[in-house]
Amino acid sequence: RYGYFGQVTPEVVRLMFCSISGCLTDGNILMSASGEEMVSIQYRDTQGLRMLQEEKVEVVLLQSSLDPLSQELADKLSKRTGCQVLQVGERPLNDLQSFVEQRKLEWKDVAYMGSDRADVNCLNLAGLSAVPGDAPEVVLNAAKYTCHKDGGAGAVREFSEHILLQRQKAESALKQDRIDSCSK
Amino acid sequence: RYGYFGQVTPEVVRLMFCSISGCLTDGNILMSASGEEMVSIQYRDTQGLRMLQEEKVEVVLLQSSLDPLSQELADKLSKRTGCQVLQVGERPLNDLQSFVEQRKLEWKDVAYMGSDRADVNCLNLAGLSAVPGDAPEVVLNAAKYTCHKDGGAGAVREFSEHILLQRQKAESALKQDRIDSCSK
Amino acid sequence: RYGYFGQVTPEVVRLMFCSISGCLTDGNILMSASGEEMVSIQYRDTQGLRMLQEEKVEVVLLQSSLDPLSQELADKLSKRTGCQVLQVGERPLNDLQSFVEQRKLEWKDVAYMGSDRADVNCLNLAGLSAVPGDAPEVVLNAAKYTCHKDGGAGAVREFSEHILLQRQKAESALKQDRIDSCSK
Amino acid sequence: RYGYFGQVTPEVVRLMFCSISGCLTDGNILMSASGEEMVSIQYRDTQGLRMLQEEKVEVVLLQSSLDPLSQELADKLSKRTGCQVLQVGERPLNDLQSFVEQRKLEWKDVAYMGSDRADVNCLNLAGLSAVPGDAPEVVLNAAKYTCHKDGGAGAVREFSEHILLQRQKAESALKQDRIDSCSK
């Protein structure tokens, strides 16, 4: 908006969607005979989500119906990260479109992190999008940013820092823009 | 069948056998003092199996008597993947021959994924066969395809995509074949 | 103190602070639906801490309020490592300053191992400091030593051996110093 | 014994000692608040131990008092591997000397796999000895064979195959020796 002469404006993201399976976790589910299911999340990644929240980015975790977690486990993830958990179906875009509109945002204001086929549409639409370094081929091509880190091992932190860096750049550009306007 | 002039027909697989230990899992069993046993499976891999099932490939998981899982755990794996779990002994071929015949298939219609000595016979027989990238030497040589990914970390997904790619190629070849026949 | 002609004295450390999340553990927390939380620690790392304790270095584990562990789990870690566990807030320096002073030590007598933003101040102050090889960029630059090993996978052992090596060098230097003084 | 003209006889091992922590496991212990402790072992590694047992090599697992496992967990490991578990102290050699003598063996008939300082003496003494690829420096130098694989991730299997290969070579050499003797 503030860019001119073809300058690409760095993105200022207001909302981030992040898949749980394969992004916040490494995609593994530990299963026991007694029915216990466990997933593992990284301190570094939850810190990344907190850094976004401190900068007023709303973070929403996506739980896919294709890889169901128990409600209790989803609740625990929500509590530890301080993020809302949304249930999405095979086509996350259908579930998220109204969510984005309710907040009067457009997809260019959204960051999306996913790791499988179902995420391709949203990865294409979002202003900023990323996949973990260990995502399958088909998904790698859909994302604007490919993390060096793998899912469940720092990819969420890496993308969080990337988002905040873009925001800083956007703010600097905006500031410079105003200086330029005043000095005219 | 449709190939000619020495052309190798890409395989069309109807049935896939996949070892649990070392292929669907990384071969680790977590054991606790209280008797709990846990194994870990990857979202990406279960997605791969679903992709096969959507394309009408029957997927059967093999549980080896050499690496026993509790019945409860096998049931959970079966439920999460939507696949039947078969118990096989030290010579899986003995257990699987009748299974293949019952479906009126030949071994060339079968895909097989295994990761240890016991699997060598079946890896040799199957039309398509694969081992995870971290399989022991002796098994690597028996498989037609060696995955880049390790067991429990995407190898099943990789082989699933390989199988579907072969099928696409076979269908294209078949279609081309018909066009060629008609135009004669 | 005993160095001269610009010679840098190797450090003799009396006290080591070591973050639990990301240093002693790999930063992962396994969570189950039933409320169980698990962390994993390495035999090699606990051995490293014991090597320090045998050499009269007091080791204190730091548990961050940003990544809370249950009290029971902290107690277990304390018991298995033989180290006291201290709770620190978002600014560990505030919590540790008095601890250092009570022991009549200065920060140059302290070794510090951390793995995230909150640790930067202490990493800068401590006489010896280290981060695991997989720490985020921002923290890598603050530490005097970057481990080749990752957190929860030998980094603590590696830094422990580094500390003991520095001490040996310091003792050799001191001994040589005395010989030089006597022979004058 | 059967070698001559300076020919080195490949070793024929009758007994193998294998540390649990860091060799059969990756050295990690998963701990929960409720007191549960879990360790993880590899199917490939237990298969390696079975291959040795089939060839009449007695395999004994060593549990170090420096890294205690609960008795229940030791029992489970024993059951799953079919191996006896021996408790050893800080100096395993003291505990194992009589064990070797009772079987009327010498250390050259023994294979030893360890992963830390306490194992150095036995690694030096044993006819065949190995460490996992991720063992600390100080131990790497004491072993005759350094595995490419890490502890808990195939190192035991790799060493088992190495032992069996040495035995095959010894048997071939012995056979050739007899042929040579007869033809004189």
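Letters A, B, C and D mark the chains as written, and numbering starts fresh at 1 in each.
Note that a contact is a pair of C-beta atoms (placed from the backbone, for glycine too) under 8 Å apart; a residue touches a chain by one contact, two chains touch by 3 or more.
Small disclaimer: the values here were computed from a predicted structure and weren't measured.
K.L.:
Find the chain most remote from subunit C, comparing centres computed as mean CA coordinates.
P.N.:
B
K.L.:
Roughly how big is the turn, in degrees to the nearest 5, that lines up subunit A with subunit C by CA atoms?
P.N.:
Nearest-5 rotation angle for the superposition: 90 degrees.
K.L.:
What whole-Å value do you get for the distance between subunit C and subunit D if each is reduced to the mean of its CA atoms?
P.N.:
33
K.L.:
Cα centroid separation between subunit A and subunit D, in whole Å?
P.N.:
Between these chains, centre-to-centre, one finds 47 Å.
K.L.:
Which parts of subunit A, given as residue numbers and ranges, touch two or more other chains?
P.N.:
30, 36, 38
K.L.:
All pairs of touching chains?
P.N.:
Taking the chains two at a time, the touching pairs are A-B, A-C, B-D, C-D.
K.L.:
Quick one: which bits of subunit D touch subunit B in the complex? Just the residue numbers, please.
P.N.:
Against subunit B, the touching part of subunit D is residues 30, 36-44, 46-47, 50, 70, 72-73, 76-77, 80, 152-154, 157, 161.
K.L.:
Going by the contact rule set out above, which residues of subunit C touch subunit A in the complex?
P.N.:
Touching subunit A from subunit C are residues 21-22, 26-36, 38, 66-67, 115-117, 134, 136-137.
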